[in-house]
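The following pair of complexes shares a single chain, chain A, combined with chain B in the former and chain C in the latter.
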Partner chain A sequence: MNLQEVFYGAEDLISPGLSACPGCAGELTMRTVMKIMGKNTILGVPPGCMAGAGVVGWNRLSGAKVPITIPLLDNTASMLAGIRRYYQSQGRNDVRVVAFAGDGATADAGFQALSGAAERGENIIYICYDNEGYMNTGFQRSGTSSKGSNTSTTPVGAMRKGKAQHKKDLPLLLAMHNAAYVATVSPAYVQDFVRKIEKAKEVTCGLAYIHVLSPCPTGWWFDPKDTIKLARLAVQTNFFPLYEYEDGRFYQTVSVKQAKPVQEFVSRLGKFKHLDQEAIADLQQWTDRRANLLQRLCAESPA
Partner chain B sequence: MTSTWISPTGDEGIYQIDTGKWRTFRPVINRDRCTNCKLCGYYCPVSSIKLSNQQQVHIDLSYCKGCAICATECPRGAIDMVREGEE
Partner chain C sequence: MPVVKALTGNESAAHGAALARPDLIAAYPITPQSSVVENLAQMLADGKLSCEMVEVESEHSAMSVIQGAALAGARTFTATSAQGLALMYEPYFRMSTLRLPMVMAVAGREMTSPETIWGGQQDTVSLREAGWIQFYVEDNQEILDTVIQGYKVAEHQGVLLPVNVCYDGFFLSHLTEGVEIPDQEQVDSFLPQYRPQHVILDPQRPMAVDPMTPGNLLMKYRRNHLEAMQTALRVIDEIDADFYRVFGRRYGGTIEEYRLEGADAVLVTIGSMTGAAREVVDLLRDQGKKVGLVKVRVLRPFPLKRIVRALRSAKAIGVVDRSVSFGWNSGALFQEVLAALGSQGMVMPAVSFIGGLGGADISNDHMLKALTTVLEVSANQAAEQETVWLD
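Coming up: the complex of A and B.
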């Protein structure tokens, strides 16, 4: 599909009125993903902002125009694997089973289920929107919150200066499970985004995992109008590199020639407002290290 | 159950909130500056930017929350945010 077909032609399969915050990248991503996946899809959305915003529906009303279920926070991948296997057993390989889950549900609470499903090669498409915290329940820290994040469970005060640990690298972890397809995507890089979702859609053997960095105006404290700008800056600073993993090989899909300093991204977010130069240098070092690692992985992947 | 919904839980229809009422500012396209490049629609979280029969972008305000991403991303600065209640 070309961009116009996706964004102007395809049917929006999500309820038009969801109570996600204005400027939420999660809502944008979910709508776009479903425009690409199409009607022949079963969607699983665990507790979190998107479920709470109404996409799983209430009572006898649905928030989506496809079958949708709300698994537990902890079992999204295994529940959807079961649904997929049922359809396979009925000869319905054409029914796609897609998870759209927050980073808490993916990296922490539901990680065991996801890890198992990836290792067994369950044929589901798992999409994690990473807003760096448990946003729906009031912005608690998650394993994927960046170091220094001011969250409700890592508040800034005399004793502590936000989260003490660095972010858990989920897409790399899934690549190390040898998942069939792994990719990082950003709503700011639409062409790259659409291509990777289409690729995930076509995976017929094994698990496809997509990780989206999803700027969250309410939890990160920035003006909703800047959501896409920040998503773009995260890539331009190497804070969130765009790459994919397939058949044991890593590919950088958007190359950043001259990375901007991480400070340019960090300084725009209220949740990092308290960071001093030392803390920013620490984030910069972490970013450089990972960019380096990725570069080596891409270079050393057997051709 | 109407034929449009294949969801087993959607037999009374679609759950939707009147998010158009949230807006304090509304996006207005300035036709003199808009080149109809369609970029704005790639970034609207609510899918409120649509094409008319003449293939021209327009903003459907029914569910628009007024986030102003479209106005920020438009490369021509062709979308103005106007306070609700003002012209």
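Coming up: the complex of A and C.
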């Protein structure tokens, strides 16, 4: 794939001047996704960082050049399913309906609606930018916050050391719903990213789910210039493996030959700085176990 | 030719919805509503109805799917009861404040707890401040007709608000009556296709729907919403009259006055209990007693002027609620009728009656007790009364 061909002349459909934080991977992902989706798209962005940054608009101004709305925190998938169903019934199948939702609106409050939409095979494209918490409102814990995260609702003190549970695995859950297409993507692996977004765009039957790990300098506490570096480290440590699922089969799309220790990723993030060796070993074990499971799932599929 | 069939209240709602040719239906089952959507699903399976049907995983999603479809320009329908309505509350409130027209049938049910599945109006009465138009109907024919009227009211360019057609769970939802089903052509001529003018999610007309809105602008939206509610009072009366010209049936618009000529004692009712009240009014009129009845058909918007006019000559009134207003020792309708009278400087003895909660009957005996009480009060102009429980 020639990325120049993909992006040459592609219009930025998101307004300039969004007030996202410096180094925000979410905004970068959203702009890139929308360049690929194009103008014939209806965008739903529930409450979260991107809505807070102004993409749905402010006052009487829009933050996007496509029709856009802000679903409730907990109904993005069902609301967008309604839009898509109506366009299908009118024979306007070319109108794409895309969700760009944070992990809180996806894994927690919005999970029931997403689960129902996936089970029914609603033909929407659902993109979750996972920054591992409610970052827009000051980093409260979410179902996808990593174990040990120092969040404002799981703070570190003498008695407690951050979030006590591991991360909920959304892409695997969506695969188990038999979604038409599921993929994990990283802003550090652009070829892989673009190929998967283009694939999701072509799904005409059933739900396409894309999960992007979205490093957050403000909440994770790292230098904004390191966003892409950290996104890459998450993949290279197997903390966030890149794979896709379709027709009942899993494929690892970026293979990591010699995975780096998770510590290399964890030690760069302020939210983990209190972790002792035991806690880091726990994260390593969780990472290994998941990588292992994924390997076994992929082993059933051709390379 | 219109045909008369034996239909339950839920079947009547389903027929009304089907005749309105919705683009999309989304619903989740709940007692006593379920057979509304089961009937529509069967019509769809039999090829007698053509629309999108979304069998969602919750009422919250039912309302959300509908909201999305309505924003894309669809005419939509759903039905629910009690806990389902409560689960919908979040997108429910948003439907009216986005000014999206639709019709939702509600087979009214008491709110849990204590655990119950039976009839009551607490579910919808509790939501009377959520910006929807609320009809409360008396029988199955009125259910079917009001669903059709409801779309015309909801989609009126001066109104643009969602409509609840509320009917008492089990008392009507599961009661079989003879109901005239109008011709599709008649309904089509009465109810033209919906074309959204004010808001749309469509790449051909890109716009941001619901960007962050500051208070000064939000207040303008609220004010417009309140004004649309007031416009709806007139529109509901007009559409009821239009409906009569096409179908030969009418319901008085926002209220119905029954035998008010020279009535000293007037009972105010809402919903299916009105049938029993009519019989008791007839009975007492036969005995020469000066009694009458006002049926409140629309609780939101509140038909203040018409209610005040209807009660102007009464010497005492009684209001029968099938729900309670916690914090007032009475029902909500009672408080609203008093507020309406008070706003026009009218003071008269008034008695609050509460009955029929959780599926309990409101019998002719109850209505006789109520009306007799009001008659006594009208005769001796007694001072303030405690709420009378019809139990």
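We take it that the second predicted complex is superposed on the first by the 294 of 303 C-alpha atoms of A that agree within 3 Å, B and C clash if a C-alpha of one lies under 4 Å from a C-alpha of the other, contacts with A are read in each partner's own complex, and residues count from 1 in each chain.
FYI, a residue touches a chain if its C-beta (ideal position, glycine included) is under 8 Å from a C-beta of that chain, and two chains touch if they have at least 3 such contacts.
Note that the coordinates shown come from a computational prediction; the quantities given were computed from them, not determined experimentally.
Asks: Quick check on the superposed pair: does A:Ile83 touch chain B, chain C, both, or neither? Answer first, second, both or neither.
Replies: In the superposition, A:Ile83 touches chain C alone.
Asks: Now for A:Gln112: first (chain B), second (chain C), both, or neither, which partner does it touch?
Replies: second
Asks: A:Glu132 in the overlay: touching chain B, chain C, both, or neither? Say first, second, both or neither.
Replies: Touch partners of A:Glu132: none, neither chain B nor chain C.
Asks: Touching A:Asp226 in the superposition: chain B (first), chain C (second), both, neither?
Replies: first
Asks: Tell me which partner A:Gly54 touches in the superposition: chain B (first), chain C (second), both or neither.
Replies: After superposition on chain A, A:Gly54 lies in contact with both partners, chain B and chain C.
Asks: For A:Tyr8 in the superposed arrangement: first (chain B), second (chain C), both or neither?
Replies: first
Asks: Now for A:Val66: first (chain B), second (chain C), both, or neither, which partner does it touch?
Replies: Both partners, chain B and chain C.
Asks: Please write out, lowest number first, the residues of chain A touched by both chain B and chain C across the two complexes.
Replies: Common to the two interfaces on chain A: residues 39, 54, 57-68.
Asks: Show which residues of chain A lie in contact with chain C when the two form their complex.
Replies: Spelled out, the residues of chain A in touch with chain C are 39-42, 54, 56-72, 74-75, 78-89, 95, 112-113, 115-117, 119-120.
Asks: Hey, which residues of chain C end up touching chain A in the complex?
Replies: So the residues of chain C in touch with chain A come to 23-24, 26, 51-52, 54-58, 60-61, 64-74, 90-91, 94, 200-203, 205-214, 217.
Asks: In the complex formed with chain A, which residues of chain B make contact?
Replies: Checking each residue of chain B against chain A gives 4-20, 22, 38, 41-47, 50-51, 62-63, 65-69, 71-73.
Asks: Contact residues on chain A for chain B in the complex?
Replies: My answer: residues 3-4, 7-8, 12, 15-20, 22-25, 27-28, 31, 39, 54, 57-68, 187-188, 190, 223-229.
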